[in-house]
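Chains: A, B and C, in written order; residue numbering restarts at 1 for each.
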Amino acid sequence: MKSQTKYMTFETTERRKLIRITDEVQAAVDEAGIAEGMVLVSAMHITAGVWVNDDEPGLHEDVMEWLDKIAPPSWSAPANDVAEELLPEGGDYRHHRGGEDNGDAHLKNLLVHHQAIVPVTDGKLDLGPWQQVFYCEFDGRRPKRLVIKAIGD
Amino acid sequence: MKSQTKYMTFETTERRKLIRITDEVQAAVDEAGIAEGMVLVSAMHITAGVWVNDDEPGLHEDVMEWLDKIAPPSWSAPANDVAEELLPEGGDYRHHRGGEDNGDAHLKNLLVHHQAIVPVTDGKLDLGPWQQVFYCEFDGRRPKRLVIKAIGD
Amino acid sequence: MKSQTKYMTFETTERRKLIRITDEVQAAVDEAGIAEGMVLVSAMHITAGVWVNDDEPGLHEDVMEWLDKIAPPSWSAPANDVAEELLPEGGDYRHHRGGEDNGDAHLKNLLVHHQAIVPVTDGKLDLGPWQQVFYCEFDGRRPKRLVIKAIGD
């Protein structure tokens, strides 16, 4: 069994940002010389996600608006009544008692998941025509790491 | 290391549908002759999911009603006030500007995840007594593919 | 390829409980003698989850409050208007017609996912500094199983 481990570091200037990393994941598979296997793409932080979806800017805005309603930040005014009710009783996260302000990023991490696995067939990421791999930063402006681990033959 | 790749194509007559595929996943493991390993079951579309849960029709209706509230379609009237507020400001997805109407299916895909991994032990899917694998179509009526990738020894 | 399968059984006295299992997952990797590979941690029940997040008690309370709003139980009064609207029409889950009362636990299982994969590098779980693996019981007070499956070399 071959294996390959690669780390990426992101330091976004924006607090939240989606970054397409399909090519970097394929490069890790190429470097490993793996023809058949799987590659795990996993955020090493608890305030970021990894997902496989469409690279369509309108959809990305839709998703961010939606995530801010169902996993609302407390560092900005609630988007609407639903967001306000989904905040903790009292209006702020208990997690913020230690000085943090990223409680919503933890919830978003749980909601969209922090990792995805891509099958590798004939040396290529075995993705559908519209599937792209994204790193989803929910609390950036500092260095954040991601691990790509490929195993196979 | 052995590996086995199998594709399934679904073309549902309904827009949304849950299809149990546990037996097909086991068959892929059998064909590969894998005794110890893992099998990845992954939708190749960004508007479908894969989950492991109960094969109980009441639960399936519950889940679909719930998903339509928290990731609401815009091709039908909102289920209630919460669904209305969880739609984008203005009432429709930006993603629909290109002529699509499946924005909700993308959100559902992110929410329930598009893939699951099943451990394989002694040649069998190592599932709990109530765990069944489902393909979850959220935008059907056209051919949609799924990949099953088993690796192991 | 080496592989190692380990089962854990939880029987919580509380209905819901988060249990950190990072050390047990590392122990399974140690027992297998795996230096490079992956370890799957997967609940064998459809009313429990597995997640990788912060071991911070305030956050855990936040997450449970939030999950009870977006995937509301019907065995207690709704937390607020949003929770009430996210319950099925009529106020109770169809799944409960057979005598169950854990419909919300099924939804929580789908939402936070029932499994996570941890990469293994140089024999260690390749986690970020704040990442801990948790078993998330949503319907306890009876024996529930989890499978840990490590593969690699």
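The rule we apply is simple: a contact is a pair of C-beta atoms (placed from the backbone, for glycine too) under 8 Å apart; a residue touches a chain by one contact, two chains touch by 3 or more.
Worth saying up front: this structure is predicted, and the values here are computed from it rather than measured.
K.L.:
Building nodes from the protein chains and edges from chain pairs that touch, which of line, ring, star, complete or other describes the result?
P.N.:
complete
K.L.:
If more than half of the interface residue numbers appear on both sides, call it same; otherwise different. Which is it for subunit A and subunit C?
P.N.:
different
K.L.:
Nearest 5 degrees, what's the C-alpha rotation angle taking subunit B to subunit C?
P.N.:
Fitting subunit B to subunit C on C-alpha positions yields an angle of 120 degrees.
K.L.:
Using the average of all C-alpha atoms in each chain as its centre, how far is it in Å between subunit A and subunit C?
P.N.:
19
K.L.:
Among all residues of subunit C, which ones touch two or more of the remaining chains?
P.N.:
1, 38, 70, 82, 111, 113, 117, 151
K.L.:
Show which residues of subunit C lie in contact with subunit B when the two form their complex.
P.N.:
1, 3, 5, 38, 40, 42-46, 70-71, 82, 85-86, 88-89, 93-98, 103, 106-107, 109-111, 113-115, 117, 145, 147, 149, 151
K.L.:
Quick one: in the complex, what on subunit A touches subunit B?
P.N.:
By the definition above, subunit A touches subunit B via 1, 36-38, 51-54, 56-59, 61-63, 65-66, 69-70, 80-82, 111-113, 116-119, 121, 126-128, 130-131, 151-153.
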